[in-house]
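In the two complexes that follow, chain A is the common piece, with chain B as its partner first and chain C second.
Presenting the complex of A and B:
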């Protein structure tokens, strides 16, 4: 009974969201608003921010930074990752460096970036790019290492041209690795951006949150948090949807089993 | 196609080939036999340019197209049967759908043209792989135990298919097999190989080739081949004795 199963599978997660919301509401009634504003109040604050025209600009800043950092990390990470996957020497040279890069906390990068680049010098983009780079690097590396060598060998013997090999063997094999990297990194990048803006404190969502904190406007902090969390989840779902390996075939013949 | 003075070491210094030479005559089906692990697959891969020998020369006709039937089907999982076969053709050959469809039909695959490999049985997949190799119109076709994983009935069907396709395209074939019956049924020449380093224990050419791709080996040759390929114990010495009165001088041979 597939329908029943699906309903049961969907139900608990919906319930969990509801329980969380109820808990939040319940706690907000126990504590004063300056400590914990309730969900309704947060939502109203968010709408208020929008009406006062204080929502879209920070949002846009943060988004653009995410896009830039994400793009740089993707290009560099996959480029170098593919290269390292194909060339053992490159792997040996680069991989330890990337591991070190990954071990350094983003906060340290942020502080250094501000010192090096100044607050408005794209320090946030730098940090996001650095934070995401290893993800793309290692996933691409892994992908290249797991390319179907037998199929490539077959293609070579039959002198199939490079373009066909790329489109029909290499890219489909790399896709799941990129999909995983993109999904994880978009959520991570989004949170990193907000943190970076909070530290550099001029523009963007993080900066707005910091300002709200300074003036003890807890409801605004909560409103921004709500927005960041929801958008982060939405981004992950979106990326997963876009990058998921497409479902092939309708229903190609059912009774294919051989008779002999 | 010809191997001349091939040498190759495998991993930790195991000598697979030492000054090994062999020539496969044009338009013939040369069957290579011998126990597992003596480098028959490696030999085919070297012939196809997938592995480089440490020493020696492998010569093929300039611009000759290659085909290969691997031990596994090696089909693209995201392509249908028809797409898989067309995939190895050159651009201009893609007009030749008709020819490919006829081949697939001969292989009893017309019902599954648009099925994906994972929807097929192992035997069907291997048949697709055989058709693909012939469809590429190879001048030189390598087959590495192509029918090994199939049951006897399917194998007999595949032999028929092979003969049908070989007859129409007449490529030079290098076929590795464990199965003497198969070699006798398909080969125009049978080479039994010994190991470490690879050497030629016997080299037998069919006494006659029929019109329809069937071959006939003389009784004496068949007996000798049975002895060579079925004896297990003390085989090494036996083999060498047998090889001594064989037509093939150790090392190289020619038709």
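Presenting the complex of A and C:
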């Protein structure tokens, strides 16, 4: 019985992927390749891009931009978020501004960023940092607000030193919130970077996609899309694994129980 | 039990998605079949020309207005995806497009043929520095170009190479609205711009624009030919059964070009609305635009020369090779 359930547990999602691939393949046979290239052709194009040395440089540019934007958003977002969580006045002052930030669509930021920073002024990094900043801010804020007050009080009563308080109480309490923010934002940031480059970049994956579309090389557009999607999924899985080691063990235990 | 439910839902959702995709495709197929049927009753219906917001739109507007009611009608495309979808979905039998895009579509196996070329040159490298008169004065300066890898980029590179300035003049890229805004703000000084948008900018700056390169003149000096830019293409399958309609369209468009060049009059007002710019701007742009009708066979040597230059610098821009004779209607 356990084996049977496990097999069925894994089978349907595999089946979904297979079905998607088959649908893609089927449709690609109906339409000319310039409208819809097939999965195999797209994969071959991707390999071709790598062999011609046209894959790694755009990939590196996009990654560096993501890292920079992500880093800025993380530092500013968590910093301000923690501060606002601790001080009610700061919260009241800053939080409406962050809400406004969050409501402005990334595309608007993109157009304005080109105007303000020029085409080569790091507009893409700016946009990603702005798009991710509210996520980190609000998650850190929530985390600080839900700190176990009794534990902290007890620590104070027993005069546990500040470093120990931080490491053993505060950080573990904040971790799930950060982990959630990181997982969501890494995927979102990755897609935002590519979009930003498509609109304004001369380098990076988005720019390569734009050149491909202007040249009607739909198979290259598809190859890049495939790569962006796969890397996005991989990044999310990676971040989840890094940031949530304890919970993973927990959920694994749950799975075991369920299958029994 | 719970998990079985979940899986059933998941299966259902995915098959539903597949079904929608498949039926969606079936519907487009039916539409295609209907449009492809040449039936004799088809001729009274309006013949649609898909055109970008480029100078070729001006004669098209004239044609739509003067021809008997509803013989020809215009639909517009903005992005290359719209054009592609229009061809694939048989939304129109006639398409105006940059020549390299047409050659590229042809190379990709789309069923199109070049009917005639109607726009030449009409692109300029300008500077806000009144002292700049020569390309060589732009060493170490940055020239902004609309659209990386497009004809403006390739032709500028060609010119720089010819004058031995390759690598000395920096090229940067943007989209036309951004370049115009940055020029207006003074953050950039030199750019390549097509008409009629350039005239809009000239008017805004009250003539402080220095014209450094007229691409049409440079091309004429180098090759003794005009620089072909935009053409009208026809769906090859449609063309087989609509020779009379094509002849009528060609005659009508040629006449429209002549009229627009002589006295645009009322046409300008409508065209200006289509472009979304004041009529005065379009009127001032007209002398800077080379509208010239040449049928496929007449234009062939020029088109081949042009595509040959594009092929050397950016083969992908025309689909990897100069098209064969079948690319030209009437061969």
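Here is the rule we use: the second predicted complex is superposed on the first by the 240 of 260 C-alpha atoms of A that agree within 3 Å, B and C clash if a C-alpha of one lies under 4 Å from a C-alpha of the other, contacts with A are read in each partner's own complex, and residues count from 1 in each chain.
Going forward, a contact is a pair of C-beta atoms (placed from the backbone, for glycine too) under 8 Å apart; a residue touches a chain by one contact, two chains touch by 3 or more.
Model, not experiment: these values are computed from the prediction.
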item	value
Partner chain(s) touched by A:153 [first = chain B, second = chain C, both, neither]	first
Which superposed partner A:164 touches (first chain B, second chain C, both, neither)	first
Contacts of A:191 with chain B and chain C, given as first, second, both or neither	neither
Touched partner set for A:172, first chain B, second chain C, both or neither	first
Touched partner set for A:31, first chain B, second chain C, both or neither	second
Superposition-derived comparison: chain B or chain C, residues of chain A touched	C
Partner chain in contact with A:240 - chain B first, chain C second, else both or neither	neither
Overlap of the chain B and chain C footprints on chain A, listed as residue numbers	258
Complex contact set, residues of chain B against chain A	48-50, 65-68, 70, 72, 74, 76, 78-80, 87-88, 90, 111-112, 114-116, 119-121, 123-124, 136, 142, 153-154, 157
Parts of chain C lying in touch with chain A, wherever the complex brings them together	3, 7, 10-11, 14-15, 17-18, 21-22, 25, 29, 80-81, 84, 88, 101, 104-105, 108-110, 144, 147-150, 172-174, 178, 181-182, 185, 187-188, 316-317, 319
Chain B partner contacts - residues on chain A that touch it in the complex	150-151, 153-160, 164, 168-169, 172, 248-249, 252-253, 256-258, 260
Residues of chain A that touch chain C when the two form their complex	5, 8-9, 12-13, 15-16, 19-20, 23, 26-27, 30-35, 111, 114-115, 118-120, 200, 202, 207, 210-211, 213-217, 258
